[in-house]
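Take a look at the structures below.
Two complexes are shown next, each including subunit A; its partner changes from subunit B in the first to subunit C in the second.
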Partner chain A sequence: MFAYCADPKSLEGLSWLSCYLTTGTHLSFYASFLTVLVLLAVTAPIALGFGFGGAMAARSGAAPLRWLGKGYMAMVRGVPDIVFFLFFVIALDQGIEWLIHQARCPGWTDPIRNGLEFRVCPQAKMPPNSAPQIVHQIYGFALAVVTFALVFGAFAANVLSGAMKAVPRAQIETAESYGMTPRQVFRRILVPQMWIYALPGLSNLWLVLIKATPLLFLLGVQDIVYWARELGGSKTSTYAYPHPDWRLWYFLGLLVFYLLMTALSERLLARLERRLSRGQATASGEAQRREGGQTA
Partner chain B sequence: MKQLILSSALLALTAGGALAQDVVRMGTEGAYPPYNFINDAGEVDGYDRDVGDAVCEKAGLTCEWVTTDWDSIIPNLQSGNFDTIIAGMSITDERREVIDFTQNYLPPLASAYATMEPDTDLDSAVVAAQVGTIQASHVAESGATLLEFATPDEAVAAVRNGEADAVFADKDFLVPIVEESNGEFSWLGEDVALGGGLGIGLRKSDTELKAKLDEALTALKEDGTLNTMAKEWFGETAPQF
Partner chain C sequence: MTCTETIQAYAFRSLGFGERLLPREGYDLCQQFTLIGSGLIWNVYFAVVTLALGFFLAIGLAMGKDSRHVWIRTPCDWFVFVFRGSPLFIQFFVAYQLLVLLPRDGITVPLGLFDLHIGTDWMTRAWAGAALVLFFNTAAYTAEIFLGALRSIPKGDLEAADAYGINGWSRFRRIRFPTMMRLAWPAYTNEAIFLFHATTLVFFSGFPAFQQRGDALYYASYFAGRTFNPFVPYPIVAFYFICLTLLLTWVFGRIGRRLNRHLPSNERARRKPRFLPQIIR
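Now for the complex of A and B:
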């Protein structure tokens, strides 16, 4: 990084540290923080989408749709996360390749499953072998997003479905008596009011999601925990910057990161809760109304 | 416009598919110096890297390096995430049942015990080793209590913090650790020769690739390249062909 870093063995003190902290591996370590943040930013809305879809399906009038919604919630919530992350991703990846294989290589005669091997024709590989490493990484990341979203979506579906049931019956009845169709009731009354009931559950999920990001490494994405372990492990003179076991310091760094993330989240969620309580028929909504009545 | 982007993206994907055979993805662990490790520039480095690159050049293949957990390296090969394992992996009969190996690219290696307490009795000691290695199976058979760790570095750390009495690993991995420990670590007992040397792991169905790699390895052994590389990474006492 800096010009004086050319010969690390001759460096000492601060200049050694400044060179050490700017090595290629450390830059990858810093970049992996970004990976985690992007994962959170992308996964949360998708998971919420899955959750909303699941909750709607579970309360649907059509029986097959209802079974689908309930089955999704029961299946995913009942299977340990780590099993899901180990099994589902491989199944998804192989499923995609199998489909492309069927489309692109109809003349292929070798068996796809051969003992423990899974072998599709080279044209069906996803991503293709010749693709640059970055494409492989993005593909792996996308698989991770889908898996995280499916798992957390199932929990969100349960939370949202509970929240939908918690909206006071009187509110719905009033809307119906105004002659609104079920669809209008859902869109205008139920959904705007349910968020305050869903928020405690969803904020729990969000915090769990933050803490579940180290599962990324199971999916082949090099996240902050992977790099902390890799960089913190003792390094002999085979490396340019030998040092003893420094994992403690790296993991302390991660601790600070996770605490900052969760502390920041809690502040934002508290603000969101105040906002969502406004005008609601709940205790905190009522309290706000009385307070607001005096100041406004 | 959207259509155009989509179709050009599809085209790019299909065009990539046609060339797919020419790129060989090399899977390694990246945590086992001097065989394979991530150097400070963030790239795979070590003896495995040098051998792999030389083999690819000889065989006229384009190679790409990928790192993965040691634990899942064989399943990843089988499900096609990469095409070869070149990760300081010893050729053993147990592994031969699930994957194929090329001829060895390093003769059988000495494994050694390193400890912080020289009077440890190996028969009743707690010995740390990396999970799924020939060293781990050797310890399990020897009667000592085996403690397994995901990475070799953690196995060494277990001895440092007193969890284990000794660590058992490839001697070349332990040499810099013992030498740079200011006398804290010492060798224990005799070296043990295990396995049939290091080989490049392949899917059993990849016979064509195996033939190519074997041919390249034979050439590299004959012209002395492998011997020079071994000396470079393991010192003058390196095993030679």
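Now for the complex of A and C:
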């Protein structure tokens, strides 16, 4: 990175550290923090979408749809989520390959599940064997995102369905008495009002999602845990920057990163809750109204 | 190998009894059920030990967080913040690296007449090291639950205690503690389930599975890796966990009912523990 880094063996002290911390692998390490943030930014809305769909399905009039929604919500209860993480990634991977296999190789006669092997025709490999490394990485990341979104979507469905039930019955009845159709009631009354009831649960879920991101490591993505282990391991003098086992310091760095993320999120969520309570028929909304009334 | 032989060979494999080598062929349902069930012993061990110990530390932490003295409150606040604010996964890694740093051949404490020798290598084993992390972790989460309960004890109860001249230790033992338990119980039930699920992380993070003696998920992922078929071992883990979670909810429900037995029945029904609104840490 810097010009004086050309010969690392001759460096000492701070200049050694500055060179050490800007090596190519360290830059990948810093980039993997971005991976975590991207995962959070992409997964949260998708999970919320899954959750919304699940909650809507669970209160649907059509029985099969309702069972689907309730089954989805019940899916993650009682089973450790890490089991789902490990399960879904392989299941999705095999499922996608199986589907492509059915579409592209209709004449294929060999059994796919032959004893202990899972074998699809070469055209159905995802991503194709000839694809560059980056495509494999992106594919792995996308599988991870879908897995996270599926699991957290089920939790979000729980929260949202609770929130939909928490909207005061009187509000719905008033809307009905004005002649709104069920669809209008849902869109104009229920959905705008449910967020304040959903927020505590969703905030909790967000904090949990942040704390679940190191599991990316288990899904085979080169995330911060992967790099911390790689970089922290002791390096012999064959490396440009030999050092003893520093994994403790790298992991402590990750710990601080997560603590900062949690602390920051808690602060932002508290502010959001204050904002959303404004004008709501809840205790804190009422408290805000009174406060405002006194100062005005 | 018949199923009975498999059970004899592998039922206590996770504890080091029976067959040393993991199965290399067959991978039938019987093998999978037996080995995964054998690994489940570890999950139950971690859950029971850390819940039992964490309960007491949590009470201490909750009282500490509620303390008027800054120098008691601040350390308790930080302890809870660190363990609740960071992923359990990372905590395992950090703890393992810290425990490895302990001197290999133990610490010798000179006590004047004789030297006390404390070995340290057992601390890097999962049964002690991971249990320690889980113990701190659950204590921090539980402390927050207990603190919430402590602060929502009805004011009238405490005033009544004052009026009767009950104070100090007696007030804690007879008024605050029972009410705190009663209020916190549903949330504590969730925490217990949650912790039980978190025990699956032990062998997937820093702590190596010594001689392949792992927990339920460890063996499940062994089978999934061998057979390239996730659709058998993981549902088996799920099945075991659902059964044990139901058992746990039942036991905690019984205790909760006993805690609330003096209340009129309509108040009791209000705070029913939910069967797992819980998640990861």
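What we mean here is this: the second predicted complex is superposed on the first by the 293 of 296 C-alpha atoms of A that agree within 3 Å, B and C clash if a C-alpha of one lies under 4 Å from a C-alpha of the other, contacts with A are read in each partner's own complex, and residues count from 1 in each chain.
The definition used in the following text is that contacts are C-beta pairs under 8 Å (C-beta built on N, C-alpha and C of every residue); 3 or more make two chains touch, one makes a residue touch a chain.
This is a predicted model, so every value here is computed, not measured.
Student: Using the touch definition from the top, say if A:E230 reaches subunit B (first), subunit C (second), both or neither.
Tutor: A:E230 sits against subunit B, while subunit C stays out of touch.
Student: Look at A:A240 in the shared chain and tell me whether it touches subunit B only, subunit C only, both, or neither; answer first, second, both or neither.
Tutor: first
Student: Would you sort A:P128 into first (subunit B), second (subunit C), both or neither based on which partner it touches?
Tutor: first
Student: Return first, second, both or neither, reflecting whether A:R104 touches subunit B, subunit C, both chains, or no partner chain.
Tutor: After superposing on A, A:R104 lies in contact with subunit B but is clear of subunit C.
Student: With both complexes overlaid on chain A, does A:T23 touch subunit B (first), subunit C (second), both or neither?
Tutor: first
Student: Go through the superposed model and pick first if A:F87 touches only subunit B, second if only subunit C, both, or neither.
Tutor: Second partner only.
Student: Under the stated touch criterion, which partner chain does A:F118 make contact with: subunit B (first), subunit C (second), both, or neither?
Tutor: both
Student: Touching A:N158, do we find subunit B (first), subunit C (second), both, or neither?
Tutor: Second partner only, subunit C.
Student: What is the contact status of A:L215 with respect to subunit B (first) and subunit C (second): first, second, both, or neither?
Tutor: Once the two structures are laid over each other on A, A:L215 reaches subunit C alone.
Student: Can you pull the subunit A residues that subunit B and subunit C both touch?
Tutor: On subunit A, the residues that contact subunit B in one structure and subunit C in the other are 90, 94, 116-118, 217, 245, 247.
Student: What residues of subunit C sit close enough to touch subunit A in their complex?
Tutor: Subunit C residues touching subunit A: 27, 81-82, 84-91, 93-94, 97-98, 101, 193, 197-198, 200-201, 204, 217, 220-221, 224, 226-231, 234, 237-238, 241-242, 245-246, 275-277, 279-281.
Student: Okay, in this complex, where on subunit A does subunit C touch?
Tutor: Interface residues on the subunit A side: 77-83, 86-87, 90-91, 94, 113, 116-118, 155, 158, 201, 204-205, 208, 210-215, 217-218, 225, 228, 245, 247-248, 251-252, 254-255, 258-259, 262-263.
Student: In the complex, go through subunit A and note every residue touching subunit B.
Tutor: For this pair, the touching residues of subunit A are 8, 23-25, 27-28, 90, 93-94, 97, 104, 110, 114-120, 122-125, 127-131, 133, 136, 217, 220, 222, 229-230, 233-234, 236-242, 245, 247.
Student: What residues of subunit B sit close enough to touch subunit A in their complex?
Tutor: On the subunit B side, the touching residues are 13-14, 16-25, 30-31, 33-34, 37-43, 46, 62, 64, 66-69, 75-76, 78-81, 83, 98, 151, 153-154, 156-157, 160, 176-177, 180, 203-205.
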